[in-house]
Amino acid sequence: MRDLTDDDRSGALLRRVFNSEYGFLVVVLTLLVVGLSLAATNFLTPSNAVAILHQSSLVLIVAVGMTFLLITAEVDISVGANLAFASCVVMDVINQTNSVALGALAGIAFGAGVGLINAFVTLVLKVNSLIGTIAMMMALQGGVYLYTREAVQNHHQIEIFPKIATGFILGIPVPVVFAAVVALAGWFYLARTRGGRLVFASGANEAAVRLSGYSPARVKFGAFVMTGALVGLAAVILASLLNAGQPTAGTGFELTVIAAVLLGGTSLMGGRGTILGTVLAVLILKIIDNGIIMLRWNQDLQIIVPGLVLILALYMDQKKRGPAHG
Amino acid sequence: MPLSANPALPQNMLSRTLRKVAGQSEIALFVSLVLIVIVFSSLSEYFLTTRNLTNVLGQASIILLIATGVAVALIGGEVDISVGSLVAAVALPLVEIMNATGSLSLGILGALVLGLMIGAINGYLSAYLRINSLIVTLGMLFLIRGGVYLWTNKRAQADTAYLDSFFAIGNGKAFGIMPIPAIIAGVIVLMVMFIMHKTRFGRRIYAAGGSAEVARMVGYDVRRIKFICFLISSTLATIAGILLASRLGAAVHTSGQGYEFQAIAAVVLGGVSLAGGRGNILGAALGVLILAYLSNGLGMINAPTEWQLVITGIVIVAAVSLDSYKKSKE
Amino acid sequence: MKSTHVLSAVAIAAALSGTTALAQDGEGLRIGYIVNYATHEWYQNVILGMEQRAEQLGHTVEVIDANLDMARQVAAAEDFMAREMDVIIMTPVNEEGVVPILRRARADGVPIVLEGNPAPGMQTVVAICDYDTGYLAGVAAGEALGADAEGIRVMNVGLPLLSATILRSRGFMDGLQTVIPSAEMVHDLDGGGNPDRSQEVSAAALAADSDIDVIYGINDSSALGALQAWRAAGLPEDDLMVVGTGAEGLAFLNEMQTEGPYQLEAAMFPEKIGFTAIDTAVALFNGEEVPEYVISPTTALTLGEVSSYYSYDGESREIQWDAVNALEAPEQCMMYASDL
């Protein structure tokens, strides 16, 4: 209740902006861009914009899937380990078959397969998805070293392969195109289709969904598999970017992704969230990351600042909605 | 597991007494632990030795303390994953104060003050400002680790006071057999068990975690209860941090990474519910011991790390799905 | 995925039966090695060198992985002592964190050889000189660029988390500046020692200032990650020189063979370190006089020189023991972690 009287002093306009769905994120993003442009001369350049978008695209692709999952009140901690393993699969299959398409398919299939197992463990074995996917993370981290003891090198030297990560389509980096397509499709599905409404309903009120004749389990199943498949897609880009399948890659990736999705306003309790919020949040986190290097600040801040931003974002969110129950 | 699968167990005295201390799932956990010991004893001649079995108790003491704290928070309906970074952070005042003053007590005091401050921040943000505790403590996990790096400039801070008492709390053995950290952890876990299961405050923690609304209606100060849960969790993690610092003879800036996952996995394996209000400390402790002896046994037979990771993952999923299967049948 | 699980189960059973048989093999000394993290190519090659040398001498090596966890490392030492190993070799996860366990091993009468970094209270350490390694590579890079090169600008993809890697970066700049005094470090980055993070921080740094002549990576992954960032930014590769460190596994060989900008490798011969560690462990067990610092040689290699030390067929590499054993190690390092 205290919260309601607290913000009486702040201006009405400011409050309106903050209280709008993305207001807070847009304000933060604007402040960041303006501040960094003033502080670092090289910040607002096309090459840096490309670098930031590039870095954002991997996180964003997986974050779209994670947004779906969190809306259905589930989570996948195994995405980082899955990314590393899938990137090895991609490179290995291309080496074996000399076909980029087969390698990409194998990577996406592997990622989706992991999502399938996560779904099975969560929905059939009824293991809480936080624990089930932590266990999956451990299994994958161990498993990838059983699969390959070292980074899978590029033995095929197919010319188009590096272009997946470093090429341009109409002046836009290829990974950014992938990320944009994934985000647009995710946005459209969530915001504009009946299937999207079911996703929200499955997280907010399972019983109601069941009563109306739909299966929340099926929706969640889809979200798990989709997240896994998107991890596979990200793994194709990662393998191309590093020109190798890296079993050590992806450490901490899951935390970055989840932090971005939560910062974007998706609720951990399910039932609430937007793709646009996720997109803005990924950009904010990556711009902070980039800005710290641009300003030549101590890179240790790269782990402190996101932590602060996350807590602050949730605090603002909480204030906006007033005291929640629970 | 055989015990819990047999509903027609004779109602003799022994089983009734056992039931008072431990539920069916704790008995099942204990049987699993015994099975692990039997299996590895047959695979390695060095496993079933007093020295090895007590060694593992010393090794497990750190995760045991952290896991007990995490279990209290979970039972209270909250989660605390900042503990992995906290373990590294509290070692800093401990070692620096000890180096400066030559006093172990002052060092421990410094560590406890920092640990309680972190717990209070976690508790205030989660219980009073009502920010989801997973996020608060996730943020704190990053923040504290970054803070440790900034403070130490990423160099381990060595203990240069060389106090025998400090060496002993993590490395000593009572009567030449039982590691002192195991005794410290054991006593503290017993105290927490007493609080959780024998006091009115313990029952309030269960009530707050089971249903905050009902607890509030009964007139409990749910926010205060949850706040104290965070203090308990960070205090136990602080003690773990002190023992670890003694075992390492230094405040190591990278220590404790991933301990939050290990602790949560052990606690859930021990039957504590992530949804709050369910589970007990004995189960959590057994969960820790099962994972500790499993890891030790796999090391004894030279199983490579990748297998240890895979097997631990499978054991956790198997245990938890078995548990949820049992609950769904009830 | 499913078939890997089945395979896994079969392999577990095989591993369980196989390894216990090995442990009971009574021949020669039983040497325990506690590795920092066995999943890294570097340490796999250290272990390979140990196994090859131990086999030659009729000893057995058993390995426990600390997996970057200090507490696990201490537990592993306890386990080895409980298993009555004759001698223990240990790569500290953090050199400050092994002091108590060294003290306990001494009380127990178990000799310990450290690998990597010295620690207070140790008997002996087998190590390369990190500063010297960087220094030699810096000198070689300077000579390749030519002493009259002007305004050489360096991007260092470092790892300030560890003193060893700080030493490498510092050695590289110092070595380079002995040949080209005007060379300067433009970017000093924390690449986390892994390729994805190195790629990410390098991309940002290159966006800020891409006028770079030399990329130095404190390991192969850092150098390769930075090179990929260079490529992703679409920068010209003709005038760039990339210098990696370690010769850890196959990645640098693969890249060097394309004859692109990756021209120089500060080789540290992990197999040779394993080889030397076994010799030192045996000597220590036999009560021989062992120096406090046993140094394993390093050298800077161009593509032309690599092949005399490693044969490489694209799938695996084989160390050429004669060539590596002929390399001379210095009596002591130019700079130690304690000098930082």
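Note that the chains take the letters A, B and C in the order they are written out, and that residue 1 is the start of every chain.
The rule is short, and it goes like this: a contact is a pair of C-beta atoms (placed from the backbone, for glycine too) under 8 Å apart; a residue touches a chain by one contact, two chains touch by 3 or more.
Owing to the predicted nature of the structure, the values given are computational and were not obtained by experimental measurement.
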Higher-contact pair (C-beta pairs counted), A-B versus A-C: A-B
Distance-maximising chain from subunit B - centres being C-alpha averages: C
Geometric centre distance via CA averages, subunit C-subunit B, whole Å: 35
Whole-Å separation of chain centres (CA-atom averages), subunit A against subunit C: 34
Touching two or more other chains - residues of subunit A: 143, 145-146
Subunit B residues counted as touching two or more neighbouring chains: 149, 154, 304-307, 310-311
In subunit C, residues with contacts to at least two other chains: 8, 39, 160
Contacting residues of subunit C [partner subunit B, same complex]: 8, 12, 15-16, 19-20, 22-24, 37-39, 62-65, 67-71, 74-76, 78-79, 82-84, 93-101, 103-104, 120, 160-163
Residues of subunit A touching subunit C in the complex: 40, 42-43, 45, 47-48, 50-52, 54-55, 110, 113-114, 117, 143, 145-147, 149-151, 153-155, 162, 165-166, 238, 241-244, 246-251, 289-290, 293-294, 299
Complex interface listing, subunit B residues touching subunit C: 43-46, 49, 51-52, 55-56, 58-59, 62, 149, 154-159, 167, 170-171, 244, 246-250, 252, 254-255, 257-258, 296, 299-307, 310-311
Residue ranges of subunit A touching subunit B (in the complex, touch as defined): 121, 125-128, 130-132, 134-139, 141-146, 255, 258-259, 262, 268-269, 298, 300-301, 303-304, 306-308, 310-311, 314-315, 318, 323-326
Parts of subunit B lying in touch with subunit A, wherever the complex brings them together: 77, 125, 129-132, 134-136, 138-143, 145-147, 149-150, 154, 212-213, 261, 264-265, 268, 274, 304-314, 316-317, 320-321, 324-325, 328
